[in-house]
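Notes to accompany the following structure.
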Amino acid sequence: MQLQTASWPEVEAYLKTSKGIVIPIGSFEQHGPNGLVGTDAICPEVIAREAGEAAGFLVGPTFNVGVAQHHLGFAGSMTLRPSTMIAAINDWIDSLVRHGFRRIYFINGHGGNIATIAAAFAESYAAWSMDGDACPYKLRQMNWWELPGVMDVCKSIFPVGDGSHATASEVAVTYYAYPHAVKDVAMSPKIAPQGSFTDAADYRRNFPDGRIGSDPSQATPEKGAAIVAAAREALARDAEAFFKS
Amino acid sequence: MQLQTASWPEVEAYLKTSKGIVIPIGSFEQHGPNGLVGTDAICPEVIAREAGEAAGFLVGPTFNVGVAQHHLGFAGSMTLRPSTMIAAINDWIDSLVRHGFRRIYFINGHGGNIATIAAAFAESYAAWSMDGDACPYKLRQMNWWELPGVMDVCKSIFPVGDGSHATASEVAVTYYAYPHAVKDVAMSPKIAPQGSFTDAADYRRNFPDGRIGSDPSQATPEKGAAIVAAAREALARDAEAFFKS
Amino acid sequence: MQLQTASWPEVEAYLKTSKGIVIPIGSFEQHGPNGLVGTDAICPEVIAREAGEAAGFLVGPTFNVGVAQHHLGFAGSMTLRPSTMIAAINDWIDSLVRHGFRRIYFINGHGGNIATIAAAFAESYAAWSMDGDACPYKLRQMNWWELPGVMDVCKSIFPVGDGSHATASEVAVTYYAYPHAVKDVAMSPKIAPQGSFTDAADYRRNFPDGRIGSDPSQATPEKGAAIVAAAREALARDAEAFFKS
Amino acid sequence: MQLQTASWPEVEAYLKTSKGIVIPIGSFEQHGPNGLVGTDAICPEVIAREAGEAAGFLVGPTFNVGVAQHHLGFAGSMTLRPSTMIAAINDWIDSLVRHGFRRIYFINGHGGNIATIAAAFAESYAAWSMDGDACPYKLRQMNWWELPGVMDVCKSIFPVGDGSHATASEVAVTYYAYPHAVKDVAMSPKIAPQGSFTDAADYRRNFPDGRIGSDPSQATPEKGAAIVAAAREALARDAEAFFKS
Amino acid sequence: MQLQTASWPEVEAYLKTSKGIVIPIGSFEQHGPNGLVGTDAICPEVIAREAGEAAGFLVGPTFNVGVAQHHLGFAGSMTLRPSTMIAAINDWIDSLVRHGFRRIYFINGHGGNIATIAAAFAESYAAWSMDGDACPYKLRQMNWWELPGVMDVCKSIFPVGDGSHATASEVAVTYYAYPHAVKDVAMSPKIAPQGSFTDAADYRRNFPDGRIGSDPSQATPEKGAAIVAAAREALARDAEAFFKS
Amino acid sequence: MQLQTASWPEVEAYLKTSKGIVIPIGSFEQHGPNGLVGTDAICPEVIAREAGEAAGFLVGPTFNVGVAQHHLGFAGSMTLRPSTMIAAINDWIDSLVRHGFRRIYFINGHGGNIATIAAAFAESYAAWSMDGDACPYKLRQMNWWELPGVMDVCKSIFPVGDGSHATASEVAVTYYAYPHAVKDVAMSPKIAPQGSFTDAADYRRNFPDGRIGSDPSQATPEKGAAIVAAAREALARDAEAFFKS
């Protein structure tokens, strides 16, 4: 069930059977010459929706713009300041807790979000810890590519040049989700350089076309389908375990 | 063109032809017995995407959770605090302006957002006004149902019981967008009461099933299609005029 | 009764008879060649005080500086950032609620405040809605010129050139309140242009002397007296109805 | 000249002769059995206006609600949180600096404001100090009763029982400003106790009728006039010296 | 007992005997040609630790960076914005109150902190005052040089040139605490000028080597020992009285 | 060189030779039955100071209270809210950058800080990325136990029961730093349980004496000395490499 297409009586009924919800959380940022700006939102969204369909859990709205300041050197990239994102995540949490949700699972599509999501969770728990009451809910974040078994699938499909940004895997997942958006772009160099970065200017200087360590020209909808299939299963199991914890 | 499925070089190319972007902005909140929680995000999203397709402008990510504190008495409704929303909208604006966007058009799906969006715009302009430099960009918000001619279409389709929350019109638009989500629910009373509200408890007390003044059981995908067609044209014209202003 | 000249035992006694208070809320901003910078604070203040005197309700301090970033191109104009104003209005509300006030009526003198006041109200209600308790108080804002019947009076006095900023009506009200401040300035053009604006630079470019659509040289203390008389009656009735709601 | 009754061209003309402005800053809080809730706003306002009239300087709007959390145990008292007040004062400062004001003098009526005003000044200067540019303006706060010579006048008029809150002096000043608001209330005990306080509950427990160390039943409009006369002269001199510094 | 070297069971045991804790609070900022950047943190820390050792009270971590924007013209100086410091102090307070501490005594080493500490206390109390519950704890700040008798000792040791920033007294205390850090620097002029300041640029212009009114070349570890001995006794008595209040 | 015992001319001289500084960052929180509340601040502080002494780099003040909300169930633990910590770290960074520091290295002692430090860095970089200017400085965080080779030393000294909170290693480091604070406490069970946690109540329920997976009764000053020796060398090399990057 997706929250966006559910009615409130349906959500009320769902809450009698489960206190868990999955929130896709991503980013809008450049993903190299052939990757979609929405990649990091699309990946967790498609995986969560398929998993939710299969396992019967509720999928909330996608938190679609995250912390991507380092990508602002490339057109179309968007960012929240971390302090804004902490506030917004807490408003989402508080809204859901209000209705009785007790396990909120953020399935994440963007490495740059991890720290701020963790800080947002600590901000949420801190309110309870400082007051002295026990917090009635639990929060979890998981990167979709770190779900059990998923990275193995990615490595078997892309033994070379999967990379760490604008990866072949994530581009493949988006091509599966939006086959009409497949872009045929030659990569130069074939595999992008590896490295680290600080702000947007530093990132663009180090990674001129936006990729890090990847050759996403290998991506196809079919390969994406295989990755989604693996991730869907893994998420269904992981979310179920979390909801029961 | 949708930002989510564009690559950064495509956005860069677009910026050479236009400085304008349209951002759908909505809410996740109850919409009565047969309406979707995502209604206010879905409506501007579908209208913006069709208009963007037709007119060739860029559509950004949907700002999907807005100010809906008054709906929190119904399961699944979510809200941002207005102060959070002001911060988040400003981060979105700042990101887009960074790339050269100079006309940012928020097509809105939720009456409860109007004041906070306007306050967010004033917060954005204030930074320039207080420094003394001329602000290089313009911001616009428009409710999709107030686009020229749209309300006339809605009234002609639903002469009775269109209402003011969980309207027949907006439910029809979502049914058009998500025909598998059509819900067949009898309304009681046929037409919901009118009135005002303050917080969530007050809202729920006044409007027990969430509707205000509407009979959304009249909604069908076909009626939604007619509304979207009208809104799509009107948005294309209005955005184009704004981009040229 | 005015809060500023009341003692706390008098306020305590008042609270045994009424839970309502009226707060004038305005702005300090340019009002054209012959208008007072304090116009938008003065108008609701004088109307509220006369209405409070007549009807026996309590009038609180004037929230005198509002959101007027667009006027900063003219000397003497002042603004709060919307986020600051939301925080300040909430502190005022929380203080009054602490004492038992349950109906807080903001009589507003500035169009630029409307959105931020509404956002501030939503911020206040949201705290209750998110916690799940029913909010024990109600908030209301009303522009003095939109009180029932007032615009009719203004239109009958100024059939031409009342305008939408630095209106003949509001300047007349301030001349009634501060007759020694009447300024005799020729207007050029006689009636200022209409239009829209974004930031301060844009405003000044479009409206070189600060007026929008008005010829405030028509204002006199006598005309202001007539407007105040109408507004005073209307506010007394509207506040009374709100206090009883 | 008062900003509230000036037009923007008059302010513009003033700025060619002076870069200084005086801002009365006060509080709305209980002042004992016969004192006015607005006392701390009224005192600096009346002194500033008379001084401005005599010396020709500009007087801005009164910052009328300050930090008075400790008075909230008494009906009608209002407070800002210190963090809100810092933000609001900075918005006022930024607005005035925008127009070319370079000396902003806050004449204060409330001991509870002193720390937060000083913190607000440090917040303002910090923006420049951290950036490394020289701040082009200076800020000053002064309590009206600490203006040179004023305390001597107060002590000579009220050799016994002037006190430290709801003082005979400040009540006298408000009676001078609002003679119709004189309240004839017997004090019991004649002179209130001295002491310290923390929050509102602590304050009310220690000072049951709100006074600290004072017998304000000695206050009369005539005595207030004498105090205002002394303060007016002292402020005129002090502001002039500051504007020239 | 120092919190940093205590275990939690020791703190738990302590709380059965006392609800009081002392927090040294300082600044990292220039202290002239021979003074240590950490002076204002070191002084209250060493005094608090010796007093705590003698009197058996608990000493918490040192709040080491305060409001020192005016010193940023000199290398190594650090500052918090006042609004940040208010938030941080409140987090410290809330943490300690959570465990049952009811008397929190900030022993301060920096004049520039006084206002912001007071504002932070008001922010803390305001939460209780606005809610209407009695605050269960008390907060106190004291500058170490204003502890009873301490200034007399300083004046007797440094009858000339103690000064008001980078004082001979405070430098002596740090030399006592860190004898290996004694710096032999000739002062020119012998005694620094007196005066006031606003931002960092203004401070540096007025006080070229950072000192105000002092000749800290008189400082020795032995003189510092005498000052600490006096301050230690005074703090022990003052804290004990506060804890019992 | 330590900033706390340096004078500003010494810092100014240092900046001519290096643009780098190391900031120890920790936490005040329970560390089990025999561990010090200050452990996470002490460990990076002692390592940084010894490394700075050896390698000649500057060590700044210790950021001593971090994000430790989950430890608040144990007496003496303190926390910042993540949003507060982000603001404070940014003020520290801005202060240091003001003086010309261009490489700021946070040597961290607390796992619970990692996310918030990373978010604080992103907040800092975002200001530059959103404006479009290249950020002139770089930020780095490193957990002392993850410095190259350190974990190997810890594992060789404590092959069993080093654990993940209140580790034998960190307790040993603090015993080395404060040998008079060694506490002889029998552990029960000998090795604490492993697991995860959310808020303070959850943590205390899962880990009744505060330890996670450790037997810190193995800690001695001598073992701590060996760890510090390894960490000191590793930090010196890592900081030097960062300063040159």
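Read from first to last, the chains carry the letters A, B, C, D, E and F; within each, the first residue is number 1.
Simple rule for what comes next: contacts are C-beta pairs under 8 Å (C-beta built on N, C-alpha and C of every residue); 3 or more make two chains touch, one makes a residue touch a chain.
Heads up on the chains, UniProt names are A, B, C, D, E, F = Creatininase family protein.
Remember, it's a predicted structure, so these values are computed and weren't measured experimentally.
Student: Give the fewest steps needed to get from subunit C to subunit E, where each step moves from one chain to a chain it touches.
Tutor: Minimum number of steps from subunit C to subunit E: 1.
Student: With contacts counted as defined, which of the two, C-D or A-E, has more C-beta pairs across the interface?
Tutor: Higher C-beta contact count between the two pairs: C-D.
Student: Comparing centres built from CA atoms, which chain ends up most distant from subunit A?
Tutor: The chain farthest from subunit A, judged by C-alpha centres, is D.
Student: How big is the gap, in whole Å, between where the Cα atoms of subunit C centre and where those of subunit F centre?
Tutor: Centre separation, subunit C to subunit F: 54 Å.
Student: Quick one: subunit E and subunit F, Cα centre-to-centre, how many Å?
Tutor: Centres of subunit E and subunit F (C-alpha means) sit 24 Å apart.
Student: For subunit C, jot down the residues that touch at least 2 other chains.
Tutor: In subunit C, 72, 79, 81, 83, 87, 95, 98, 129-130, 132 touch at least two other chains.
Student: Using the definition of touching given at the top, classify the network of chains in this structure as line, ring, star, complete or other.
Tutor: other
Student: Residues of subunit A touching subunit C in their complex?
Tutor: Counting only subunit A, the residues touching subunit C are 94-95, 98.
Student: Using the touch definition up top, name the residues of subunit B that touch subunit A in the complex.
Tutor: 2-9, 11-12, 15, 28, 30-38, 41-42, 60-62, 64-65, 72, 74-81, 83-84, 87-88, 91-92, 95-96, 98-100, 174, 178, 180-181, 183, 185, 210
Student: In the complex, go through subunit C and note every residue touching subunit B.
Tutor: 67, 69-70, 72-73, 79, 81-83, 86-87, 112, 114-123, 125-126, 128-130, 132-135, 138-139, 198-202
Student: In the complex of these two chains, what residues of subunit B are touching subunit D?
Tutor: Interface residues on subunit B, with respect to subunit D: 129-132.
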